[in-house]
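Shared chain: chain A. Partners: chain B in the first complex, chain C in the second.
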Partner chain A sequence: MDDLQLMVGGLANGCVYGLIALGFVLIYKATEQVNFAQGDMMMLGAFVAIGLGNESHAGLPFWLACIGAVTIMAGFGMAVERTLLRPLFGQSQIAVVILTIAFGFVLRFVAGAIWGHDPLVMDNPVAGTHVTFGQVVLGADEIAVIVVTLLLTGLLFLFFARTKLGIAMQAASQNQLAAYYMGIPVKRIHGLTWMLAGATAAAAGILFAAKGSVDPSAGLLGIKAFAAAVIGGFGSLPGALLGGLIIGLVEPFAARYIAAGYAQIAPYSVLILVLIFRPHGLFAQVRGKKL
Partner chain B sequence: MSGALLEVRNLESYYGPVLAIRGISLDVPEGAIVAVLGANGAGKTTLLKTISGVLTPEKGAVRFAGEPIARQEPDAIVRRGIVHVPEGREIFPLLSVAQNLAMGAYTRADRAVAADTVRVLDYFPVLLERMAQPAGTLSGGQQQMLAVARGLMARPKLMLLDEPSLGLSPMLVRAIFDVIRRIHQEQGISVLLVEQNAQLALEVADFGYVMETGRIVLDGPAEALKESRDIQEFYLGGSQHTARDDRRWKPRKSWR
Partner chain C sequence: MRVPFKTSYLHDIRLFADGYRAAQYAVLVALAVLLPFVLDDFLIGEVTGVLIWAIAGMGLMLLTGHAGQVSIGHAAFLAVGCYANVILMDRFGLPFVTSFLLAGIVTGIAGVLIAIPVFRLHGIYLAIATLALSMLVEDIIVLAEPWTGGVVGLTAPSVTIAGMDMDRFSAPNRFYWLCLAIALLVTLGYRNILRAPLGRALLAIRDSEVSAQAMGVQLARTKAAAFGLSCLVTGWAGALLGHFFYTFNHEVFTVVVSIQLLLMIVIGGIGSIHGAFYGAIVVGIIPQAINIGRDWVTDILGTGGVAIPGLETGIFGLILVLFILFEPLGVHGRLTKWKIYFELFPFYRRDLFRRQRSYLKTERLR
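== the complex of A and B ==
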């Protein structure tokens, strides 16, 4: 029975990793850039939600705070693209990588300066309540995290596969020049993608801060999410979620059954194994691209 | 300056650091097929890219249906009715054939898109059975057809066709040119056709321009160009071999 509880806890953690990984994949799928500040945007989203919703801060109702945080972070994502990324348009990918890593550091310190470095928990309606199935006691927050994540992933997946805008985002990344020829406004599409990534980061942040606690260095778990995105195939939305879930599940079981100190290695061992046996990830889009 | 659908005046444009077109002027009258001939590196593709707004011209003007369009964003130019079918099958490899076609109609919001898809596929029946397949898995000829079909989906008034024969077998080249002729006749779409294959291009075109190192060196009705000694010699592989034995000098192009 303990294992089942471990599993649900792991899945809930994995969902947060998966949502950050979704942000990575969104931006990569649409712009061929990698945003290493995605984890820090999640952290910022969490703090914005706390700032809006907690009693100690603005004290808005929970749902209003959620909507507010998602809207603010969507605008933030768009602003980041407009001010920081667009001047780099057409530059090498490494420039974007370095820029976003640096930007992540800036976000970390700014968040620390505004909200302090102590962990904060977001007030939420399901905090502390439990759901009991027979002998198994599960946290309602963990179940909520899993449900919300599945819904969001499904929506994003449908958006990319079915809507004209979603397909145009894929088209712009697959062949930017051809996208221009077809009259797809590539720069505006990039802005919209960052907007979506910002909103996703806010959703991840809210879930993260509601089921645990958040401090300015929480963005560092973006590295685990990056591993999750790579495991999933970096370019596949369901793959990113699956990668996140795998890492989320491996962690608590490793912590329990493997000697302390080695357990933290487990998620990355999975990453290395996947890369050895399925170099393009579990949901590979491209098979054997030779460069 | 009246009547022509597309008017290009003294256009100069860089391709990277190179001034690839140096003062080009040409007209595409409404309902005409105009061919631009020239060897590799003559600046033909740069000319098309400048017209479609992907490159910004250094100097000069482009007018479409009387309105200036130079220096506009590519999507604004597509909305006006100019679509560029690039050379080298620039399709979206991971999207399905159907999605590629849908992207051709990206700038359109009308409800006739579905009907147009049927109409366009009528020209390219090969694509019909491959609608769900990723476009990257099509053969080269099929990808070229997809590129043309995708361009048609924008419902253009003017189509810029860049080397549609590039890398295709003679039979496929025939097929593509037949379709170009049909599109032109049935849809009334004007075409600016860039080709190295002068023979083919002059067969379908009404008027032709010859480009060399960024300039237009010769122009005239397609019939006249076909008869021209220079064209025969340098582009059509004409019959100078009898005279050649008697002469020690190389024939010179008349524009040099």
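== the complex of A and C ==
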């Protein structure tokens, strides 16, 4: 039964990783850029939600705060694309990588300056309530995390597979020039993608802050989420979720069954193993390069 | 303006473009050698630090700037070099010169061993793999406590070469000259690699792997060589860093250091040896500048000292964002532009350095 309990906790954690990873994959799938600041955007989303919703801050009702945070972060994502990424349009991917790493540093500093460096918890209506299935105790927040993650992954998957905008996003990343010739406004598509990624980051942030606590260095969680995205195969939405769940499950089990100290290297060992044996992840999207 | 008129291939690959250029570097080296007679011990320590970071920067520059393989995990190799050097000196009683050389070689071999499985990765996947590596090494140092001292860390023994004391604290000037000599030798070696077939192969791989392969460059072997050489130099920098810090543990070699190293060469100017030095200078100056700025603000406001955590990395990040947006070629690129402006005056055009835009095509075909 203990194992089952561990598994549920791991799944809930994994879902948060998966949600951040979704943001990475979203941007990569639609713009071929890699956003290393996604973890920090998650952190910022959490702080915005806390700033709007907590009693100690603006004190808005929970749902209003959630909607506000998602909207603000969507706008923030778009603004980032317009001011920072647009000038780099047509430059190498590596420039974007370095820019977003640096931008993450700036976000961490700004969040620390505004909200301080102490961990904060988001007030939420389900805090402290439990549901018991047999011998497994499930926090209501854990259930919420799992449900929201599955829902978001499903929605985004359908969005990319079925809607005109989703297909346009994929086209824009597959061949910018050809997409442009087909009448797709590639730059505007990039803006919309970042907007979507900002909203996803806010959702992940709210769940993260409601489930545990958030401080400015929470953005470093992005590295684990990154590992999740790579394990799943960068560019695959279900892969991102699966990768997140794998990391989320490996952590508590390693902590329980492997000697202390070795446990924390387990997620990265999994990542390196996956990279060695399946270099492009479990749901590989890459077939050899064509000219 | 000097017009280089190349009449042969040997002319093209000369170490210095012309005598004027050679004289410039000679003066620079002479000034660097005489520096300890002007500066006090504290400042010499700072300059020594800059030199060591410049060596580490050159290690990463070879891999990232010239071979085009981005590594976000070079702090791992700094750590390998640092620990290998101290362990060889302490446990095996080797003199500094031997252990220093061996530390570099050990790191280089470690780099090649790691390069073999990650060959198939490129671009972003390689970056992630090295990032994970950096996280792993941090934890492995703690786990390998019998050798590395775990969380407590190690203390670097004092450096003596041929009976002469070279220690960082008792003889800072000599330690500075030692670092300077190593930096010069590494620079010279680096420059020579770039002139040799290997260097040309690296540039070819950076610009297009497919075309490089078509021209007969062996991808796997060349990338391994790049990784190995890069780690060799980084390992040496790590060994010097160990003596520079005197005591160190796993916290000295965090992922943040890896990232800082990468950001350093970008600020300096990616793809040029100069860039490694400029980057190290900028990174060395920022903390001092922040301290001075903070004192200045405190003086004006007349309040107690304000300590803002994370200010340093925040400002560092901001500077980097500005560089990438407005001067992607870094400090070196900016200086080159100014120089060319004056040399060509009044014929400099703004678009002289405009980069060709490329339209991305995905590597995913699904």
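For this structure, a couple of remarks:
By definition in this document, the second predicted complex is superposed on the first by the 287 of 291 C-alpha atoms of A that agree within 3 Å, B and C clash if a C-alpha of one lies under 4 Å from a C-alpha of the other, contacts with A are read in each partner's own complex, and residues count from 1 in each chain.
One rule holds for everything that comes next: a contact is a pair of C-beta atoms (placed from the backbone, for glycine too) under 8 Å apart; a residue touches a chain by one contact, two chains touch by 3 or more.
In this text the structure is predicted, and so the values were computed from the model without any measurement.
After overlaying the two complexes on the shared chain, residue contacts for A:G112 are found with chain C alone; chain B is out of touch. When the shared chain is aligned, no partner comes close enough to touch A:F157: not chain B, not chain C.
Contact with chain C, but none with chain B, is seen for A:I265 once the two complexes are overlaid on the shared chain. Between chain B and chain C, more residues of chain A are touched by C. Of the two partner chains, both chain B and chain C are touched by A:L177. By the touch criterion stated above, A:A168 is placed in contact with chain B alone, chain C being left untouched.
Legend: residue contacts after superposition of the two complexes on their common chain; A:F253 is shown touching neither chain B nor chain C. In the superposed pair of complexes, A:Q93 makes contact with chain C only, with no contact to chain B. Comparing which residues of chain A touch chain B with which touch chain C, the overlap comprises 174-175, 177, 180, 285-286.
Touching chain A in their complex are the following residues of chain C: 70, 72, 117-118, 120-121, 123-125, 127-129, 131-133, 135-136, 139-140, 142-143, 210, 255, 259, 262-263, 266, 308-311, 313-318, 320-321, 324-325, 328, 355, 357-366.
Interface of chain A with chain C (complex): residues 32, 34, 84, 87-95, 97-99, 101-106, 108-110, 112-113, 117, 173-177, 180, 216, 223, 226-227, 230, 234-235, 261-262, 264-265, 268-269, 271-272, 275-276, 279-280, 285-287, 289-291. Every residue of chain A that touches chain B in the complex is listed here, in rising order: 164, 167-168, 170-171, 174-175, 177-185, 285-286. By the touch criterion stated above, chain B contacts chain A in their complex at residues 52-54, 73-75, 77-79, 83-86, 90-95, 99-100, 102-104, 106-107, 150-151, 154.
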